[in-house]
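What follows is a pair of complexes built around chain A, which joins chain B in one and chain C in the other.
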Partner chain A sequence: MRVSFPNFSNIHVVIKAVARKLGVSEGELVVPPPTTQKTLDLGVKYSPVEACLPFKLTLGNLIEACEMGADTLIQARGTGICRLGYYAKVQEQILSDLGYNARFLTYDVSRNKLVGMFSLMRNLKGANWFRDIPALHFGMSKLFSLDRIDKAVRHTRAVEGERGVANQIYKEAIASIDGAENGREVKRLTRKYVGRLNSVARDPRARPVRIGVTGEIYVVLEPFANMDLEMEMGKLGVQVERTLSLSRWVKYSLFLNPLGIDEWKDVRKAAMPYLKRDVGGDGWESVGEKVFHSREYDGLVHVAPFTCMPEIVAENIMPSTKEDLPVLSLVFDEQMGKQGMITRLEAFVDLLKFRRRSREKHENFSGC
Partner chain B sequence: MRTFLGVDVGSVTTKLALIDEGNQLIASIYLRTQGKPIEMIQAGLKEIEKRMPPGSEICGLATTGSARYLAGVVLGADLIKNEITSHAVAAMHHVPDVQTVVEIGGQDSKIIIIRDGVVVDFGMNTVCAAGTGSFLDHQASRLDVKIEEFGEYALESKMPVRIAGRCTVFAESDMVHKQQMGHRTQDIIYGLCQSLVRNYLNNVALGKEILPPVVFQGGVAFNQGIVRALDEGLKTHVSVPPNHELMGAIGAALLVHEEVEVEGIGTRFKGFDIIQMDFQTSSFECGGCPNNCEIAQLAMNGRILARWGGRCGRWEKMIEEELTIS
Partner chain C sequence: MVKVGIPRSLLYYQYYPMWRKFFEELGAETVVSPVTNEAILLSGSSRTASETCLPVKIFVGHVLYLANKCDCMFVPAVRSTGGKIYNCSKFLGLPDITRAVAPESPVILDLEIDLSRGQGNFLKAVYALGNHFTPDRKRIKAALEEARKANLVYRERMVSLKLTAVEAIGEESRNGNVEAEAPLSSCLTIAVLGHPYVLHDDHLNHRLLSRLRTMGVEILTAEMVEQEKLNAAMVRLVGKPHWTFESDIIGMGGYCLEKGVDGIISASVFGCGPDSMMVSVVRHRARELDVPFLSLSLDEHASEVGIVTRLEAFLDMIRRRKRICV
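For the complex of A and B:
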């Protein structure tokens, strides 16, 4: 068996960690090459033209994995979410038409997620609780570590004195976490890199604006899909805030949701006056995030893949909320040029700075 | 006399605007870019040098437009600003109580919503060029009408024909159809103007609250037909400021003036010598990874000044290293 999976943010680090502890040998795990233009070209070539960007990119990943000899592929499935529910079935068909006889191991992301996780591990290496639980725990410790470092880098990029230092440390951090052998080492490395990021020499004149990023989770979290959105925002002196993260998803979906703890309760409640129900994907939460964070953020960047129905619904509801938070909606697909995104981002950051300046003027005036 | 120069290098035209310390326009140039941005920057700068009042010097320079980064490196800009902010600043300077800015340029169109002197929202065309100047340019040549006379023809129309405007391809085939049916050229031209405005209002301006005063700027504002169609489409008077085609450049100049005054810094402008300099641009595929990024580079007299286009930043970084060595 040679098992592989589609790329998603830094998930390869986590999957490698779990697989190693499960006893999957190096030869049995095919880590797909990093997502590149070639991946996208392959995905676009073999996908239906109206499929969304996450479908095309993950298909590209799986084709590249098959070229490397993978015969077992892990992919998400589910009901009532969005087109993601059909990804695995359609991709299986496309791969089989291309002549790859890969078996799909699907993971249901809509219900019984903890049970599903263990059955996925059992499918890989047979059941053994004494091995599976520590393996999952180890993978999660890396996932939480990566997200803590990620948060630190999003804040450091906005204020670093010398451009690019934060990204350099971040790159190093991911490689080190990837190499860590045990939980203690992961903890030590996390402290080390978060500390290094927090002590990067600051630009004394930096006054970052705080912008939240929300929208469809794959495009939010996958830098190739969003054209390095967070890095580009960092270059413009933006402190990027983001509620969505993989570790949060795992923590709640696998462990706390079954206990009745809903991480989106407040955000959904905030959305209620404008949208009363789930519209698939992350659309409900996107509307809620705008309302919920309207006092805390200076602005919100709302991202979605082209033709994403849930986010189209959200995008059209957002302007009508009485909570006044500027929103920039960006839609991504293989046709989008990066320069257009940067021009809009620059103008959006200017807008937020003008707003801040006029607010401060107003406050000073009323203070006299 | 201290002066400030704004340079707006767009896809179709290159604009230079020189302002004095009182923010008054003292010289300007309007050129077709013709796909040669660097040559046009040099040509424009040469003209500006001729028209500068004796004893004046450039104390700040800003670039804007789609070639703003290239222009910024060539000229040594103190400020590189996106065209949306530049246009907003210029509009507020000319019409202080402006609430809506409509800007239609060669290859893009924008709407900027301003309330109480602050930009609160903006939109930029995302899908196609059907609402922009290049589209009209193309159709004018098809109808064998000079683009400069396009507006006059449109104003003569009594009975405009309705032309599909969602996409240039549909508009074009619809226009040919109307020609073959025997409609007057004037009516077809005004129909085209209406279709462009409809397209603009349904795409770029969709969901935006358009309140007067509305200012219409950009090169397309030369076209009286579009002005009339906008008036009718918005049911309000749309004003076209003098120098509407230069607004991006003027906005950039105003911004750099403010920045220089606040920061109290000297300019990085490389001087008029660059008119004589030999600039070369070239591009290559990186090949370092399967991304195969297209890297564009700019050299002056054989020395690399800047590189763009890489995802990972290694080429940009290499420049810094080369520069520190040399």
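For the complex of A and C:
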């Protein structure tokens, strides 16, 4: 058996860690090559034309993994409203048409999540609680550590004196956390890298604008899909704020939601006057984040894959809310050009800086 | 008499007789917008975000048309029509989208239909809706029963007389017995897959169905087949359903492929999320069984001539195939 999975943010680090603890040998785990233009081209070539970007990218990943000899593929599935429920069905068909006889292990991201996680592990290596629980715990510790570092990186990028230092440290951090053997080492590395990021030389003149990023979770978190959106925003001196993260999803969906704790409670409540119910995917939360953070952020970037159903609902509703927060909607698909995105980001950041200046002027006058 | 506006779009084609009965029983009058035209489409698409799908744009256009012609607007949010089957996001967000992009619309009667959470929940929602007209719960319940009956009659008629939704609604309002337009020479049977709001909106699909009929084709749409047969075919093809319209597309496709038709035309709207996945399942099956399959993607830029050319070529190809086979 050779197991593989589609790329998503830093998930390869986590899966590698869990697999190692489960006793899956090096040869049995096929880590798909990093997502590149070739991956996208493969995905686009074999996908239905109107499928969404996450479908095409994950299909590309799986094809590349199959080329490397994978025969068991892990893919997400949902029972919600968005297309995710169909990913595995259609991708399995496409792969078998291409001549790869891969077995799909699907993981339901909307129901019985913790149970699903263990049954996934059982499918891989048979049940053994004494091995499975520490393995999951180890994987999660890496995930949480990466997200903590990621947050520090987002804040450092905006104020670093020399451009690119934070990204360099981030790259190093991912590599060394990937190599960490045990929980203690992960903790130590996290402290080390967060410390290093916090002590990066700052540009004394930097006054970053705070922009939130929200939208569809795959495009928000996968840098290839959003064309390094956060990195580009960092270059423009933006402090990127983001509520969505994989570790948060794992923490709440797997452990706290079953206990009745809802991480989105406030955000959803904020969305209520404008959108009364869950519309699948992350649409409800997108509207809520605009309302909820309207005083805190200077602006909001709303990202979605082209034709994403829940986010279209959000996009239609967002402009009409009473709360005044500039929103830039960016829609991603295989046709998107990076320069176009950067131009729009620059214009947006300029607008926000201008708004801030005029607000400050106004405040100064009224202060006299 | 209270006037309830019902936009002639989206779920209108499936449920209008039911809705009309319900509101009439409660002593209200329904006002339906006219058949979609260019002005309605343009007014709708000027309000919505550009990537919104065409039927939703048209829906907003209908709402805008009705805005000053009625006292309240009926915009249900149909979440689930049973089991763990859910509708597309845009149906769930419909009342909220309408409120956001068409603020001039009168009070929106926003009924959330979620049968996955049980009948009790549904009844509560219906009482809340009926409360706008009468506080009498018994009367609301009776109206609901009548409406259900009207819906069954409507479905039954479409299946037994092989009528399309538009014909069945038209016939009911005229109270006469109109036969379906007989095709000129019905030597070809073509299944047309698609959502009712795509197949029956002649402005959106450029008169696809009547065009096919004048080309001498006998058409088969999902409402002409019993729901149970569609469901059975769907389960055989993909297992448990996931979306409300799955039986209309996958079920209908599977049923027709098993039964044997001369060809399948799928009419979907550009950017339709569920269709992009479901049509590819049917297309795959059709390829395996060697049945001709034409996929039409419609949007506001689709040209009539382009569609006609493709239809003609498709039918010519099928006729030639049949001659060779016979």
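Details
Definition applied: the second predicted complex is superposed on the first by the 367 of 368 C-alpha atoms of A that agree within 3 Å, B and C clash if a C-alpha of one lies under 4 Å from a C-alpha of the other, contacts with A are read in each partner's own complex, and residues count from 1 in each chain.
We take it that a contact is a pair of C-beta atoms (placed from the backbone, for glycine too) under 8 Å apart; a residue touches a chain by one contact, two chains touch by 3 or more.
Because the structure is a prediction, the values reported are computed rather than measured.
Considered on the superposed chain A, chain B and chain C are sterically compatible, since they fit side by side.
Rounded to the nearest 10, the angle at the Cα centre of chain A between chain B and chain C in the chain-A superposition is 80°.
In the overlay built on the shared chain, the residue A:228 is in contact with chain B alone; chain C does not reach it. Contacts of A:202 after superposition: neither chain B nor chain C is touched.
In the superposed model, A:39 makes contact with chain B only, not with chain C. By the touch criterion stated above, A:351 is placed in contact with chain B alone, chain C being left untouched. Of the two partner chains placed around the shared chain by superposition, neither chain B nor chain C is touched by A:265.
In the superposition on chain A, contact is made by A:331 with both chain B and chain C. When chain A is checked against chain B and against chain C, the one touching more of its residues turns out to be C. Contacts of A:188 after superposition: neither chain B nor chain C is touched. Here chain B and chain C sit at a least CA-CA distance of 5 Å once the structures share a frame through chain A.
On chain A, the patch touched by chain B and the patch touched by chain C overlap at residues 316, 319, 331.
Those residues of chain A that touch chain C in the complex are listed here as 48-52, 79-83, 85-86, 89-90, 93, 97, 274-281, 283, 306-310, 312-313, 315-317, 319-320, 329, 331.
Interface of chain C with chain A (complex): residues 48-49, 51-53, 77, 79, 84, 86-90, 92-93, 95-97, 99-101, 103, 110, 112, 238, 242-243, 270-281, 284, 297. Interface of chain B with chain A (complex): residues 66, 81-85, 116-122, 124, 126, 207, 289-293, 311, 313, 317. Residues 33-34, 36-39, 164, 167, 228, 316, 319, 326, 331, 339-340, 343-344, 346-348, 350-351, 354-355, 358 of chain A are the ones that touch chain B when the two sit in their complex.
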